[in-house]
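Structures for review follow.
Paired with subunit B in one complex and with subunit C in the other, subunit A is shared by the two complexes that follow.
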Partner chain A sequence: MNKTKKPNLIILIFSLLLGIFMAGQLKQNIPILAPVTLRSIQTSKNEINSVKEEIEDLKSLTFKRNEQLKILESIASGDENIINILNEELKNSKIAAGFEKVEGPGIIIKMEDNLSEGAFGQEYDLDLIHDIDVLRIINDLRGAGAEAIDINGQRVLAISEIKCGGPIIRVNGRSVGAPFYISAIGDPKLLNAAINAPNTYAYALRTIDQLNIETTVKDRIVIPGYNGRFNYLYSKPSKEGD
Partner chain B sequence: MKRNNGQLAITIVSLFLGIILAIQFKTVNKTVGEGVLPTQRAQQLALELKKTQEERDTLIKALDEVEAKIKAYERGEVDNNIYAENLYKDLEKYRMLAGYVDLEGPGIILEIHDPPADVQFGIEYSIVDDLDLILQTISVLNAAEAEAISINDQRYTTFTEIEKAGDHIEVNGVSISSPIVIKAIGNSNTLESALALKRGIVHTLEYYDYTVNLVQDTNVKIPKYRKLKEFIYAKPVEEDN
Partner chain C sequence: MFFALIGILLGLAIGLMLPYTYNTTYSLYISVAILACLDSVFGGIKANLEDKFDTSIFISGFFGNAVLAAFLAYVGDRLGVPLYYAAIFTFGGRLFENFASIRRILLKKRKERKNKQ
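And now, the complex of A and B:
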């Protein structure tokens, strides 16, 4: 009697304990564990990396500004003339702003509507190049580090609109018709990858919508300076100490 | 016989326990997501992120100080020379276009919030998946002659790319997530009507259930571009014809 009852009792007690422990454990851990997943850790890692890159950029910019400051300080000692410095700065700023004709290695992309008779889909709409297609491709080129971009001779800047205007696209207030030639100066390999690698936007346009997109890598491309609107009627530089 | 009965009971109870445990773990995995990790690592990362962000902020401050000094020098030298003053005015204009000057002026502010969870019907989507709409918004603003544009306080420049990276987007290499705030300086009436026109951008965004808030503001502030873009490949063409 004694020998058979005791194990049962022990098992009962242990099962109860196990149950209580498990309940306690699960209750305790869920709220703490909940927000931490592999994904969120990856996200914060990426964020740290991008902030670090930002820091690098800031450091190089600060370095350059400090050099500029040194040159300015040398005015006091009479080594430099303010006019020369300003002229030099003006030249650099014009290049940075996109007002100078530039040349360099890069890529030329020819985009043409799907011209074949048995075109894709029921709607002709899908056979045509739209403003958004051009916008996406230019965005991809910028992501690949393009230094200068133009569409059919129109330099594309931050203030350039690329907008559907019926049968044509308007760029810098001028009409541009198909076929579109987009030229970009930059690292030819990267630029080429941005357009031709699988899963890029241009790749989808070519394979799914069957638009004619051809790319040519060139050692020397000339991109004209900007000649669109350039007037600041509304914007003022912010006051110091804001 | 009695002993056998007891063992059977324990077997059945153990089986139930196993099944319940399995179900419990599955449920936890489903609600929390796969790959639950200790919180320690996450806390570490959060700390590191905070530290790097602080470092960045001090760098931005230092940079602003140097730039203010440069400005003071240039202005000081320029004031007593008309030719230099004209040169400086010209220079400022090109710097504004290149994005290296903080700007302020009248304009519009467009806020795009993700659709509230209860209208998504289980399919979650966010504005970060709709790069097309952001690019089009900027193009429309430019068509309406915006003078400067920023996205979540990142100046939109000639070199600005908008790239999707996981569940957020990167603008100028800086992570940005919903809500997206696009600011533009220009003629505020023109800018607003260009966006708010029937079947325009705001209409499209609202059609996809985004919460859109478009307001005019008399003093929109747009920060400068804080990246150094060096031209490695592009060289100015020597004019010799």
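And now, the complex of A and C:
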């Protein structure tokens, strides 16, 4: 034997050490064997954040519900006038449903047919504003977070139709003619971008079809409430199993 | 060969009985280090069978390789490059090489013994 006297003993000792390390690793009980990368840490961080946000939302919801419960309890004990509370609720519901006049910052869009002599295309059709143009612009506005929209004084709700009626378009069953003034309440910057940013639908209408589309940002826009009557004929509230 | 096996089994038993644990964050580094240690032990067995065993080389390899492997894994994690693959490939490959040598030596010895008989 050369330098080492007992190689077997040394190997035994170090295998012992290795075994102890291995046991430590075994005791970790790692569920996933995939190595932890920075990306996976990031994704789990995001997941944790979203769960935290959800918890916050639920907390605020329970807070609101508790307040409502308090009001109801005070009604039950006869402290507050129930009619006042119901009136207030009715008002809130009307605002939410769009039956009330509302005001706030937003933009007004003026849409006019192409009035110039040298019209675009060979057909008059392309120089006119159609129901579909208005519809798509309203969809853009909704995408940009518009809270209330009206076309020439007609409040646009979820039940409102926008249909071609020959030289006019029909909104809420009423005729509306060009030029169209579409007002929308919401974040003025976002609404403005939805109309004026390159490659939006309005941009195409303005630059290709050469329709006159002007936007004005205003601090205060008044949008009237829906003035028709609306009742559900066919829909009934569906009871969820509880 | 048998000493190493006995050692590893004993170590496992001792380690499972000992109450110590470490942070789960380091488990990747430790696992790579364990691979390096395993390679060193196999290398040691092979050297022992070839009668070329040197304690200082064995011990320095045992710790040096483990530390280097863990360090590589750590640096790779910081840089976003999976550098621990380098350790896994190197030590994994060498593990099999060493095992092949050990196998050959043992089989040879057995044959020689048979021939003597």
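The rule is short, and it goes like this: the second predicted complex is superposed on the first by the 154 of 242 C-alpha atoms of A that agree within 3 Å, B and C clash if a C-alpha of one lies under 4 Å from a C-alpha of the other, contacts with A are read in each partner's own complex, and residues count from 1 in each chain.
Here is the rule we use: a residue touches a chain if its C-beta (ideal position, glycine included) is under 8 Å from a C-beta of that chain, and two chains touch if they have at least 3 such contacts.
These numbers come from a predicted model, not from an experiment.
After overlaying the two complexes on the shared chain, residue contacts for A:L38 are found with subunit B and with subunit C alike. In the superposition on chain A, contact is made by A:E73 with subunit B only, not with subunit C. With both structures placed on the common chain, the touch criterion links A:E103 to subunit B but leaves subunit C unconnected. Of the two partner chains, subunit B and subunit C are each touched by A:S15. By the touch criterion defined above, A:N199 lies against neither subunit B nor subunit C after alignment on the C-alpha atoms of chain A.
By the touch criterion defined above, A:L26 reaches both subunit B and subunit C.
Comparing subunit C and subunit B on the residues of subunit A they touch gives the larger count to B.
In the superposition on chain A, the residues of subunit A touched by subunit B in one structure and by subunit C in the other are 4, 8, 11, 15, 22, 26, 30, 35-39. Residues 4, 8, 11, 15, 22, 26, 30, 32-48, 50-55, 57-62, 64-66, 68-69, 72-73, 75, 82-83, 86-87, 89-90, 93-106, 131-132, 135-136, 139-140, 142-143, 146-148, 156-163, 170, 185-187, 222-223, 229-230, 232-238, 240, 242 of subunit A touch subunit B in their complex.
Residue ranges on subunit C touching subunit A, taken from their complex, read 3-16, 18, 20-22, 24-25, 27-28, 30-31, 33-34, 37-38, 40-41, 44-45, 47-48, 51-55, 58-59, 62, 77, 80, 82, 84. Every residue of subunit A that touches subunit C in the complex is listed here, in rising order: 1-4, 7-28, 30, 35-39. Residue ranges of subunit B in contact with subunit A, taken from their complex: 2-3, 6, 10, 13, 21, 24, 28, 31-39, 41-42, 45-46, 48-49, 52-53, 55-56, 59-60, 62-63, 66-71, 73-74, 77-78, 81, 83-84, 87-88, 90-107, 131-132, 135-136, 139-140, 142-143, 145-149, 156-163, 165-168, 170, 173-175, 185-187, 221-222, 226-229, 231-237, 239.
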